[in-house]
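So, here come the structures, one by one.
Note that chain A is present in both complexes that follow, paired respectively with chain B and with chain C.
Here is the complex of A and B:
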């Protein structure tokens, strides 16, 4: 769930735009360069974007008795890095803001920051750390995408708590009190959904490794030796 | 091809589904959107004084239209994923199994045999 249209007062919505716009610009620059250098990357970029499209359209019920949706940005973050994921994320956020009244144009900056930037950054860092620790590749993908998803909603709670601190004045205590309330709504609901997102993302990666592992090796996502091992088991 | 990962993912989905069926039949949870609940929290904190600074300039006129557009979003995404994974799969098959290698020059006269 994204922050709804109109629900971030000044100066917060401007502030989140100010943070997000440079990242988007950098992402567009990186994406253009990548596509120019490696044309064959384009279909994979489309798959990563489409995955965000599918996952963020699925509103799933959670144990808390309310619904929310996964983000799907972790896959893009692992393959292309956080900046390009932010660009893919903004496409989905615009679609939902314009056609579904889900999220909004004034809150776009904040929503891009949580779903397009923080989520992918967390997914990317978890992925890199996990691969270094030599854990099973699919388990690492699971952890990275699940934590990325979850971080998105924790960030949403932070954004709302900053804008609506308890007592009306932004103090640490007020922030923490509001953060607790928003986190109950967003972060707790999201736990089972993050697990689902991690599982489905790992599955998508399995198919990508099976049919197009050379591109992942070229992008330095995984090493050739790991691909060999994975395909030895699963091919 | 080993199906271990598929089985694990299916098991997770199954646990999730069973949990949902059980919960929705034993409790009267509404399963509304979490953003609606966030709105309640905002009202709670501000004492209901907050006026949204902007309204969506177009809203789906009904729940049906909304689910249509969400369905469309999922369909577009699923179509793209299926198309390109199929494309890659066929491509790697031709290259691996049939020995057809279209190296750096696709315009060469090399043909599949």
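Here is the complex of A and C:
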């Protein structure tokens, strides 16, 4: 859910930058430490970023007929964790703004906050909780991606409602009423889209587990014992 | 998906102009557009930027119009919501739909028009940048601004690999399509999952190879860039300042004008 260039008025776009930048700085700090420790990680991060970009420019088969793209951040959060996903997120969003005209430069802060920070954090938390509760890995991936997408879309609605509250002046009632409107209108496309992306991500991980599970074990996404069990079921 | 705006930027004659000047023009347009309080200034900016992109930057007019239509979906949804719900003044139009009263109010409509014009001017500025300045030129500018080294490094590598993977994704998609992989909903779901996973695995292998290749060429975390020195010409400076001054004057004089 990209917010368009120029859509957020003056105090709000700066505010979202102010919120996002410290998180991005923290992500860069974490990334630098990781790169120092394991130098081979930088090229891997680079291809992961390109992968997210390409994934997000693919059209998903859609039920409602509207143009729908996966965000791809759920997959990144599961593999790399939320801090690094935020750094990859800001680069990918910048490229999307410049190459595909999705989103914009002044709204970059708001978009990074919803898609690069909130979405991955929620996806990561759901994923961790699900793995601890010992639910099937694919089901967990499905849930994590879907909830990550929903969190993104709710955040976008909050951002828009804060900037354009009902009645013109920012009051709690005005905010809630406007938030409800944005959320309902976007729900038409976003709710099925998140389910679709969850399904696609689960399928993606299924093929990766079957073909090249050592990548996932190496990145500590899942443990070897779980892979064995999963392969036993699907083989 | 097949045509990325960067391709047109590489062919644009404005590519060979000073990058800083272009960046300043774009930032100026974005900031003035987003902080203006009447729809007239953003429309003026949109017009100027479109003219520059098409006439001086030689962007194909047809493509440009198509690009402007692309984000209209999001804009219209948002603008309609604002028009209907954010006003509090006198009602222009009201009706009942399924028992709920809907009404467009004067100040709501005005805000909606303002937001629409701001978005339009922002999009035009953005298109000016992406249709006349290839990413490679911007990297040198980024380096000079003192952004974190690793962030720039990462974005350069990502930029390179976007094109590799886009090609790969396209050819996989063609192959799947001719084998009826997208003939119905269930199949397209599993096809796109397969496409994603293949892309993931291949990109991972590519990453390993990249590390080997760069390491054997003494990569130490820094790629040096060559920035071509391009002086700003007097005529460019003149045109830019005329544009800046007229936009600012318009901004000042239309501050309190409402069009309804």
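Just so it is clear, the second predicted complex is superposed on the first by the 192 of 235 C-alpha atoms of A that agree within 3 Å, B and C clash if a C-alpha of one lies under 4 Å from a C-alpha of the other, contacts with A are read in each partner's own complex, and residues count from 1 in each chain.
Here is the rule we go by: a residue touches a chain if its C-beta (ideal position, glycine included) is under 8 Å from a C-beta of that chain, and two chains touch if they have at least 3 such contacts.
As the structure is a prediction and not an experimental result, all values here were calculated from the model.
Asker: Mind working out whether A:7 is in touch with chain B, chain C, both or neither, as first, second, both or neither?
Answerer: both
Asker: Based on the superposed arrangement, let me know which partner A:31 touches: chain B (first), chain C (second), both, or neither?
Answerer: The second partner, chain C, only.
Asker: Between chain B (first) and chain C (second), which, if any, makes contact with A:120: first, second, both or neither?
Answerer: So A:120 meets neither chain B nor chain C here.
Asker: After lining up the shared chain so the two structures overlap, which partner does A:91 touch, if you call chain B first and chain C second: first, second, both or neither?
Answerer: Only chain C is touched by A:91; chain B is not.
Asker: Just chain B (first), just chain C (second), both, or neither: which does A:101 touch?
Answerer: In the superposition, A:101 touches chain B and chain C alike.
Asker: Under the stated touch criterion, which partner chain does A:195 make contact with: chain B (first), chain C (second), both, or neither?
Answerer: Touch status of A:195: first partner only.
Asker: Taking the superposition as given, does A:82 touch the first partner, chain B, the second, chain C, both, or neither?
Answerer: Neither partner.
Asker: If we overlay the two complexes on their shared chain A, which of chain B and chain C does A:74 touch? Say first, second, both or neither.
Answerer: After superposing on A, A:74 lies clear of both chain B and chain C.
Asker: First (chain B), second (chain C), both or neither: which does A:212 touch?
Answerer: After superposing on A, A:212 lies in contact with both chain B and chain C.
Asker: In the superposed view, which residues of chain A touch chain B and also chain C?
Answerer: Residues 2-10, 13, 43-44, 46-47, 49-51, 53-55, 57-59, 61, 63, 66-67, 92, 95, 97-102, 104-106, 160, 164-166, 168, 178, 181-182, 185-186, 196, 199-200, 202-204, 206-208, 211-212 of chain A touch both chain B and chain C.
Asker: Within the complex, which stretch of chain A touches chain C?
Answerer: 2-10, 13, 28, 31-32, 35, 39-40, 42-51, 53-55, 57-61, 63, 66-67, 75, 87-88, 91-92, 94-95, 97-102, 104-106, 160, 164-168, 177-178, 181-182, 185-186, 196, 199-208, 211-212, 215
Asker: Which bits of chain B are touching chain A when the two form their complex?
Answerer: Touch list, chain B to chain A: 1-2, 4-6, 8-9, 12-13, 16, 19-20, 23-24, 27, 29-39, 41-42, 44-46, 50, 52-56, 58-60, 66, 69-71, 73-74, 76-81, 84-85, 87-89, 91-92.
Asker: Across the complex, what residues on chain C touch chain A?
Answerer: That would be residues 1, 4-6, 26, 30-31, 33-35, 42, 67, 70-71, 73-75, 77-78, 81-82, 84-88, 107-108, 111, 115, 118-123, 125-127, 129-130, 135, 148, 150-151, 153-155, 157-162, 164-166, 169, 173, 182, 185, 188-190, 192-201, 203-204, 206-208, 210-211, 214-215, 221 of chain C.
Asker: Considering only the defined contacts, which chain A positions touch chain B in the complex?
Answerer: Its residues touching chain B are 1-10, 13, 43-44, 46-47, 49-59, 61, 63-68, 92, 95-102, 104-106, 138, 160, 164-166, 168, 178, 181-182, 185-186, 189, 192, 195-196, 199-200, 202-204, 206-208, 210-212, 233-235.
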